[in-house]
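Listed next: structures, encoded as structure tokens.
You will see subunit A twice below: alongside subunit B first, and alongside subunit C after that.
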Partner chain A sequence: MAYKIYKVNEEFKDIVPEEVVELEEKATWGNPKRGVMDLPVTKELLEEHSLCAGCPESAAIRYILASLPNPEDTIIVNSTGCTSLVFPHISLHTVHSLFGNQNSVASGIKRVLEWRFPDKAKDVVVLAGDGATVDIGLDYTLQSFFRQEKITTICFDNEVYANTGGQESGLTPKGHVFKMAPKGKLFDKVPMWQLAIDSGCHYVARLTVSSPKKVERVIKEAIYVARELGPTYIHLYTPCILEIGLNSDDGLDEMRSRDKERFAFFEYKTPHAEEVIAKYKAEGLL
Partner chain B sequence: MRMIENKVEKNWAGQRIVSPDYLLFEAPREKHFMTGSEAVKEAVKRASVDASVSYPITPQSEAAHLIGELWAEGYVGVYFRGENEFGVMSEVAGAAMAGARVITTTSGPGTLRAFENFPMWSGTRIPVQLVLMARGVNSPLSIQPDNLEVDFLLDTGCMIWYAENVQELFDMILAGFAVAEQPDVHVPVITAVDGFFVSHTREAIYLPPDDIALPPYAPYKSPMPVIDAEIPPGRFLRDPFVMKSNYISYATHASWQWEVRSAIERSRPYAKHYLKGLTEEFGEKDSEVVFIACGTAASQAKEAVRMLEETEGIKSKVVKLKTIRPFPYEEILEATKNAKYIFIPEFNVVGWLEREVRKALYKKSDAEIIGTPRVAGGMTMPKEIIVREVLEYIK
Partner chain C sequence: MAKLGPAHYSPYPVAVYEGILTPPKGKALLFTEIVDEEQAMREAAKAMLTRENATIFPGPQVLYAWNDEAKEKAKLIKEMAQILDAKIIPMYDYRPKYPKIDPEVEINPNHPNLTIWHNKIKACIFIGVHCHYANVALKIIRSETDCFTIAMCSQAGHEDAMITLRDQHVEEIEKFLEVAKEVKKELGKA
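Then we have the complex of A and B:
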């Protein structure tokens, strides 16, 4: 366990920022049973978020960070977009390098950590938006699946390039009008969850973040399967309330309404993944 | 944990760990005969390399294959073929961030495809080594030697070294790690050679034994936090200046870029030591005719020096540049004190080295600076052409 790196020298505790001291004293370290139910009572690994008020992506990131089974040995790789505004506030090792290369960087990190620390579970998790995962970075996303990299890839699908001002993306549904598609999008939403299955992922899930407990289960299963077998993929609907003209308290309702249609809960597990999940269940970790 | 401290005698491949000085200057050497690609393998074999990612492109493919063989033999820790050069350069970046000594190779269009990564490497302060076997850039399609791509790389914040021949490539790769990994340098190093002329040409080379190797990379000496969750994440990870819109963030970004360039400047004393100088001279010291060149152009200029002496009785000399970044300003100024004519033969159409030399000597030299001959696209540079150009100017 590397969570000792968050221990603050006693003599400096009075001058170290309060939130850093809280990380040592009130965050959940060394406890794989941690989860979203800890959120109200423990120190979160996200200090604050710099997204819009009520942004469902901020909720998704909080649920994910609360659900990591091994935060003290988890590396998070992200990409450019709204998520890169949040990364500065995550207290784990995180990387932002370029737009679209997140799965390549994660592959390099994971392979080297396995080489340097062969006896230690070091989880590598990619968090990126739909533009990064499916448009500019599709090659690198799929190639990391083909290569069977042992990383978990999580796509925040808000169906639009939000951070650059609302342009159509490959995950925009057909017909929706956004910038750069002024006559409406001309082709279908890319079925990324299906591409992930076809490209060799051992665990794939598609869901909204309307149910925190469900997000927790999916995150843990995906991370455990990636640790033991190979690539896993989670596709989350995190609508951009700003770009679809909703109020800041409308995000949850928007997700709930999509739960019944294009983001209906979908899950895929290979037989090997089922075995891994059963093993962790037997250990009481799922 | 597969960390091996410097004091431990052997690396994971069972090679005895020796200092860079011993490996480069003191170890007994034996004569061999091999290509530049094979010399890359011999250097990597003695460099305790943790990771390498490859992608095929002529003329660097063979060097990349041979690094793969070293992985299969247990000398290199991690090795695979990436999806394309953009992916490869990101994969080696991730590997370096996670605490690995990393080497990769590319050429021409591959360099351009990968390009977004190079300033990211230097901005991330990772000491990745890229062996660049320069070739023409499309279009039209060419696989032939041409070093235009080096021009594009000059301002990426990476160190750029240029090896003349197979021997120098071997030594530079080992020196490259020794210099790039200094904590006060810690930026990438691009070790360039001319494709085919060096990569595919078999030459005499003197090699130290292969049961000794460089000390393994010491990741915790890095000026930036290693991304391995073994040390506290750096404050910059929680508060990157780039994503704030205020004056101090702009100033921080600017000073970060200057700091990367300063790191290259701080590499000078180390490079001088491990390369035995940033430049090398050939010919009559006080010559009025001076060639400034790097790579194979320097080899050809040396032949022209001999020919000028023999056939015309004209004394001349070559100042060969081993480093382009850092640029050897002082060395060039000193070497051209008596120069009346400075010729800059190059393997590209734009004359990037001529531009660099002009900048270095502006208002500091009265010599005439002549950017010729220039050949490109795979053309060779016979000594006769160089001599003819010289005679046209000085008679």
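Then we have the complex of A and C:
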């Protein structure tokens, strides 16, 4: 099994740092029932991160990593942006793609894995910001949906190009002003979740990361549906507290207030996706 | 590799620029020369036994028990450290660390010089480090430090190390341990 690569040779247990031994002994490998409730008691797959203190992206990434049903056989493809500051610290295989083409890279990886390991479930998950997913990478994102690639795409929507200092993105709401968008956005927020449905995704969800359990369920459903059917898409609101002028401990309140308006929970499943989800539920995996 | 570092804090010219390639099968590389494996093993053992703070840097391919060869090699590397009176500092992953690594407990391929400077290491063995990371780390070490590098590689070797031993599997490592014991005796250190 792939998680053998985390097993430290007995001879070296005394010389590798404790956190590496813990990855073998206390992380949840080979257990598809793992989830966010394990967070306080097991070893996380993220050792540390270099995002701003209190950045909701960091909470999102922790919930996602805790929810992957098959972390030992999951490959994460990411793109440039604030999230990419986290990826070097994750104990899973991650591939940093060129800004925007993450879904193309993920498509290739998934196809090769299916060919190389036809009898094994290998999940490919894309994690990228709104700029990468919806602006510069929109073509690649949608084309991967059209082609029915069996990958899960997760967009971290902070409604801005955060990593480059506050330019407006297609997902910035109309009228919003940012440091480098002083006149305010002139057109509406792109309804990416709707584009995902129209482009052939079998499962689509839009939510904030204010509720860890909800994030877990959505992630698992999206991954299982992608494994069996085709593309799935998750749209997460992870506000950039820095660019909207909030304090480190304000992220959760900001998300809760948006839960009631433009990020009200929304979910779409095709009838086939419903069947897949019902099957996994019957197996006790959801 | 032609010279011991530090090469003016620049990895260039790298060994290939000077026409130095990895040794052919069955042979080893000692600086610029292609030599018999046993000769290179003797020189490697001598460097480790005579230079200060000799250290073995095992990489993921031998640290983790992912196949039987890795388990065997782990035992041999422990024995090697004893024979060579060397420390072991692991390169357990290749992730860039934030804000910085602890040079007492690890070596990282992105800035291996930190561990070498901090521990004043004058000779080291790379073993079980994946090719591309060994390539990068060995270049940085030569450019930034005066550490004598030895690559004990299970594949084609690394021309940027001062000594490269190629195709080193269990049998070859066992042979190296025997050679090292002899050299130690000759040096009067046994």
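Rule of thumb we're sticking to: the second predicted complex is superposed on the first by the 283 of 286 C-alpha atoms of A that agree within 3 Å, B and C clash if a C-alpha of one lies under 4 Å from a C-alpha of the other, contacts with A are read in each partner's own complex, and residues count from 1 in each chain.
The rule we apply is simple: contacts are C-beta pairs under 8 Å (C-beta built on N, C-alpha and C of every residue); 3 or more make two chains touch, one makes a residue touch a chain.
Quick caveat, the model's predicted, so the values are computed rather than measured.
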Of subunit C and subunit B, partner touching more subunit A residues: B
Which superposed partner A:N9 touches (first subunit B, second subunit C, both, neither): second
Partner chain(s) touched by A:P17 [first = subunit B, second = subunit C, both, neither]: second
First (subunit B), second (subunit C), both or neither touched by A:Y140: first
First (subunit B), second (subunit C), both or neither touched by A:E48: second
First, second, both or neither for A:H89, with subunit B first and subunit C second: both
A:S58 touches, of subunit B and subunit C: first, second, both or neither? neither
Touching partner for A:N163 - first (subunit B), second (subunit C), both, neither: neither
Subunit B/subunit C common contact set on subunit A: 5-6, 50, 88-89, 91
Touching residues (chain side subunit A, partner subunit C) in the complex: 4-12, 15-17, 20, 48-50, 88-89, 91
Touching residues (chain side subunit B, partner subunit A) in the complex: 1-3, 50-51, 53, 77-78, 80, 82-84, 86-88, 90-100, 116-117, 120, 124, 225, 227-233, 237-240, 243
Touch list for subunit C against partner subunit A, complex: 58, 60, 62-67, 70-71, 74-75, 77-78, 88-90, 92-93, 95-96, 98-99, 102, 105-106
Subunit B-facing residues of subunit A, complex: 2, 5-6, 47, 50, 72-75, 77, 84-85, 87-98, 101, 104-113, 115-120, 122, 139-140, 143, 147
